[in-house]
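Note that the chains are named A, B, C, D and E in the order they appear, and that numbering of residues resets to 1 at the start of each chain.
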Amino acid sequence: MLALSITNGLVIGIIYALTALGVSLVVGIMNVINFAHGEFYILAGYFSFLFAHTLGLDPMVAMVLSVGAVFVFGVVVEYTLIRPTYGDELYSLILTFILSIVLQSAYLLIFGPYPNKPPNWVKGATDLFGLFMYGNQRLAALFAGIAVIALFFAMLKLTWFGRMIRAASQDREMAELNGINTRRLNMLSFGLGCALAAAAGVILSPVFPVTPTAGVPVALTAFVCVVLGGMGSMWGCVVGGLILGLVENLGAAYVSTGYKHVFMFVILILVLLVRPSGLFGRSET
Amino acid sequence: MKTKWLLLFVGLAGFAVLPWGLGVYHQHILIVSLFYVMMAASWNLLAGYTGQVSFGHAAFAGIGAYASGILAAKAGINPWLGVAAGTLLAAIFGFLVGVLCLKLGGIYLSLTTLAFSEILHIVINNEYEITRGTMGLQVPGLLSEYSKLGYFYIFLCAALLTLLVVHRLIHANMGLNFRAVQNDERAAASLGVDVVRVRVLAFTVSSALAGMAGALYGHYLLLITPHIPSLDQQFLVLSMTVIGGLGSFVGPIIGAFCLEILSEYIRVYGEYHVLAFGVVALIVARFAPKGLVGISKSVWERRRQAALPAVPVTDNGKGGARRGVT
Amino acid sequence: QAADTVKIGVVGPRTGGAAATGKAFEEGIQLATTYVNANGGVLGKDLEVVFEDTAGAPDKAASGFERLVTRDGVAMVLGESHSSAALAEIEVANRLKVPFVVVEAWADPITAKNYRYVFRAGPSNSGVVNDTIAKWVVHEGFKKAYIVAENTDWGLGIAELSKAALKSAGVPYESLVTERKSQDHYTELAKIKAFDPDVVLAFVYGTGLHYFVAQAGEIGLTPKAVVLDGAGPPSLWPDFWTNVGDYGNLECFVSSMHEKVELTPLATAFREAYVEAFGHAPTDYKSRSIYDAILIAADAINRAGTTDAEKVVDALESTELLVTRGTARFGTEKGGPEYHHWMPPMLVIQWQDKEQVVLYPPEAATGKLKR
Amino acid sequence: MLKISGVDVYRGETQVLWDIGLEIEAGERVAVLGSNGAGKSSLMAAITGILAPRRGAIDFRGQSLVGFKPYQITQLGIALVPEGRRVYKDMTVRENLEMGAFPKRGRPMLKRSMDRVLTLFPKLQERRQQHAGTLSGGEQQMLAIGRALMSLPDLLLIDELSLGLAPRVTKEIYAALEKLGGETTVLLVEQNVELALKHSERAYIVESGRIPRTGASGDLMDDPDIRRAYLGL
Amino acid sequence: MALLEGRGVSKRFGGVQALEDVNFEVEAGSIVGLIGPNGAGKTTLFNIVAGAFPPSAGSVHFENTPITGMSAFRICRQGIARTFQVTRPFGEMTCLENVAVAVVNRNQGCPRHKWENLAREYLDAVGLAMLADTAAKHLNVVQKKRLEIARSLATEPKLLMLDEVLGGLNTQEIQEAIGFIRQLRDDRGLTVFWIEHVMGAIMQATEKVIVLDQGRILKEGAPADVVADARVIHAYLGD
């Protein structure tokens, strides 16, 4: 049981991290907390469901398309809603909070209350180390998650776009002086943030089918990861994600299944008490 | 000045006799509206006047409701005492949460309050023996026998009390401190403003008011459920304040009545009504961040601007900045 | 007033987590009104049903119920599928003195409170557990049982009843509570597997059940052990199979409806009308439950000859009506949950290669338990 | 090369520059002097498009810059070494320099200009892989200048070159600038009037947002008023 | 006897050693100048005295009682007021309200009409009376600096710390300002601790000048001696 809890903790943790990265990215560059992050995750789930089932596309194609679609949607949202809020983090928080409710009720109207589940990529389960059976789809999700995260970090480190993002997140005005169109960059990185949520969505929706309101806990966990890891610290939120995954599962295994989801909040509050800037956050004066 | 007070008084009197002419159904709407007035006004005290967006306001209402309800239902305490206790407990929790994260400010407060309300939810669901979980806790009423009119006047008084407290706070010297802190903490501190105290105070008071509102509401519905401290409620309160006018005294009042009545009328469209709500809130928040009040103000302003010539603000003859005609 | 229709109210969730039920209700309402009005209507007038969404939230339910009475002036109210909402509504019904026939809310207190105006034409937790589930467990001779309950009033309540029943039946068991919102049950399932039961009584409503069944399959708890869906409908929802895949095979569930087993001719009529109207076989049996309730209500008002609450209640108490699920007859001895309660027969059904096979009660059985 | 006339600049609602006029010929080295808050940085901000002038004209090689965004102006060949260095603290020295070469005009030449800068400031050569945040003030200033040079600018603006630098370091950097020779035109903002006049051909004096005086650096150096107002002698 | 005294004050920001073992004294009733090149640590020193952040090492004493690491508002209530180099007005509030914040925190629970009058007096003193009801964000830089002085006076301090209040004034305005500050000292018995780059003013107004350079005290003494000092000329004035 311990082995399974830990394995499962890591798998869930990676997914948490993947979702949180999007939030962290947007906070870092635009100092905007996207409250509707979870709804973008859900949207991707719905898209890949639609593309795969309704349009009958190949699951992989459907997933790529969905991420693309959500990216575009994110860009539009940034352009119409977020742009006027720059510099006023609470204003953007309020706007995105309302947006999340709007999206939820829109989903309910369009897709109904039932969960929608895109097709599995793989069937069945594998016996891990002769200790326990583990769902193949989950293992697949784990690898996909790691892949996307690795890709993201590589992009940050190696490409011009990555450097642009890092530069802008440290000093917008200077970046502008170095010839970066920060408005466009904002738009793109907000889109990218949503795309990361979408990636998490398409990867996970075969395991956890999406429902209109399922985005709330997703976003919540992402926020906790970000605060835990330190606002804007990419590595921080990966570590944060893994910690949450483990804490949750071990807690459920050995303390209480009913209070499973309280553990992460407890951790959060403890961290805020001892190290407000988060595990990897730089505390600014 | 005189006329203003007169108008206020007449308006109040008119409102106070209004329910006599209405059926129970419309009385119900009025009572619920008054509940939201309390919620929105107290949330506005926080978000509008000290710039702290709390997502836990509904949760504090929940604390008040459950504390009072449990005392009444399980320990047979008189509901009125229960309400007092609920208010107090909400204040205490508000104080604790405040102290925990107000030093962090901004986003951290929002997220921590969000976490807080989630925890509360899970606890309510799990401590089913005490809270009756989603089934809801049956609680006694405030009146010996049920009367909508009675409740209307209770809520009216409570709402007036809430508004009075808020008004005192923002117009007394403390109001200056609130706005100073919202404008620039460091400068405020350098002028002798105890920033943390000011914030914690605002947070505690507003939580207490929410607690009172929640407790009364529970004893009106005779049933306390996790819906009182839910994010949906939080959303309602937030949109009411935003649509009415964040940071203005009358804004939340207007917002609360408009949206509650509106929601009663579009309820027939079932699922659509939350959506409609959200869209309205979104549009207002995006295009008129100061809400209905802001809109009317700016219209009024423009009239005045047109009337008298803009006065140039002179500065020791250097022909410096002109007052920005915004 | 000279209204040309007789109004009846129906309360149920049309939004929120269990909006599916509301949909089923609306289907049932449509069929029932057609049927009633085709057979002479009510008091010579047409029957009109007003639906009020409760979103499964007790406070919404209470005010919605009140709205039906104060705004729409309905003669009586039927429906509800959330015990929490129903418990709020019966208080209002009692206060406003309006006859209220609960349909799919199972909590015992609803009728155990012995309110004069409150009836139940549908299962109750104790009914389902004692008459059906517990008996079935014994009947199949299971050695060890595990009880999983979602942390809601219904889940925790019915779990308690099951523990009591299993104890008295001498079947060893363990139990755990699961977070209702949680989609991931691996850790819980690991605990269960460690106990190695041969039957799992899952009191998890909605898609929570789908996740549970699917993941139970993944970690290899099933098919060694059998999972019983203690609620029923989720196993019949259209997306059951997309969500659980092959792991749905051999899953058991309680239900009051079966595509083959039809206890009365009216049931057949209902199915035909349903297929006629919606182009596919009935999915959620709750459409048929509300159908029955409306027939019962119409019959009561007609026998009372008026919409006056007192007379209607008396009429309801003397109900003796053949509906789709058998003959409706309300208990009248005060004291327990049987008061004003008609418990329609429930079946235990198992999915065998996507075929519904009735396992229990023996007289209705169409096959044997597969494992 | 650069021609500014009748420019008014505001920061938010407050005006910080009044009716500024200024001209620079290619290859020139011009200083801007003035007390704190006089408006020097604001002038830089106006040229680089960070602050859009509300009135007046700014022409660069006969092309008007009004309405251009900073990133566009950089593409045209104006680079700013901002007040307080503003290096990217969490990026390595190399990455900082690469960012400097981001504008299209710089990118193709990246390798070449990288070598040029590293030979100009040997200190940076040693610190290539170090995070800029850990550099000393002087090294950061060098990095900032190097980063600006990476975009191969025709006009280099330097704000507060000696800000918080030890005199010795200041000397090194000025020496390096001399090495640049005539190929880059330089507009230099200095707190240290002495230095500024020494290292420039002409100078403008900014006083509470206006330009009351301008002239050849030599003359200004000898001007009694200037000596009193700025050197306190 | 020294009103304000710092012993071995040091401050590090990450890599930057902003202040290193600074010892200084500000005598009651005197005007003391603090000069030095940009980044020398002047403002940092002010921030530490005013309690914006604690020093990394060392201690600060006011009227012989330690105030090291006290929170800003307490220090203010002890009688130390400061202005900010880059002005920080409460933009959304009127000038009157800006000053009123200081007034009501000095005289707790003082009624509206009373603090309004007090606030007006202070605005009048700095010549902003006619802008009393203008939102502070509409002021220009010079006016903002005056508003800051009015605000800090309204806290009724014993020690007034000015950070480059002359920035942006022309020569004649500078003379007025110097007169004004002198008066504060003579009439109200204020002690003034004053950061300024305008040497002329420092020369005229102060009895003592402290020169900071790269976080250390380079020289301390009468203005005349200081500007004559070779190192000062080299590090700050330029040779």
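The rule is simple: contacts are C-beta pairs under 8 Å (C-beta built on N, C-alpha and C of every residue); 3 or more make two chains touch, one makes a residue touch a chain.
Quantities reported herein were computed from a predicted structural model and do not represent experimental measurements.
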item	value
Touching both chain B and chain D (chains)	A, E
Label of the chain whose CA centroid is most distant from the centroid of chain E	C
More contacts between chains, A-D or A-C	A-C
Rounded Å distance between chain D and chain E, as computed from the means of their C-alpha atoms	30
Chain B-chain C separation of Cα centroids, rounded to whole Å	40
Cα-centroid distance, chain C relative to chain D, in whole angstrom	78
Distance between the centres, which are taken as Cα means, of chain E and chain C, whole angstrom	76
For chain B, residues that touch 2 or more chains besides their own	122, 125-126, 271, 274, 318, 320-321, 324
For chain C, residues contacting two or more additional chains	15, 19, 151, 177, 179
Chain D residues counted as touching two or more neighbouring chains	13-15, 208
Chain E residues within the chain D interface of the complex	14-16, 37-40, 85, 137-142, 144, 164, 166-171, 197-200, 202-203, 214, 227, 234-235, 237-239
Complex contact set, residues of chain D against chain E	12-16, 35-39, 133-137, 160, 162-167, 191-195, 207-209, 228-233
In the complex with chain B, residue positions of chain E that touch it	50-52, 71-73, 76-77, 81-82, 84, 88-93, 97, 100-102, 104-106, 108-110, 115, 127, 130-131, 134, 138-140, 142-143, 151-152, 154-155, 173
Complex contact set, residues of chain D against chain A	48, 50, 69-71, 74-75, 79-80, 82, 86, 88-91, 95, 98-100, 102-104, 147, 151
Chain B partner contacts - residues on chain C that touch it in the complex	14-15, 19, 53, 57-60, 62-63, 66-67, 70-71, 82-84, 87-88, 91, 95, 107, 151-154, 156, 177, 179-180
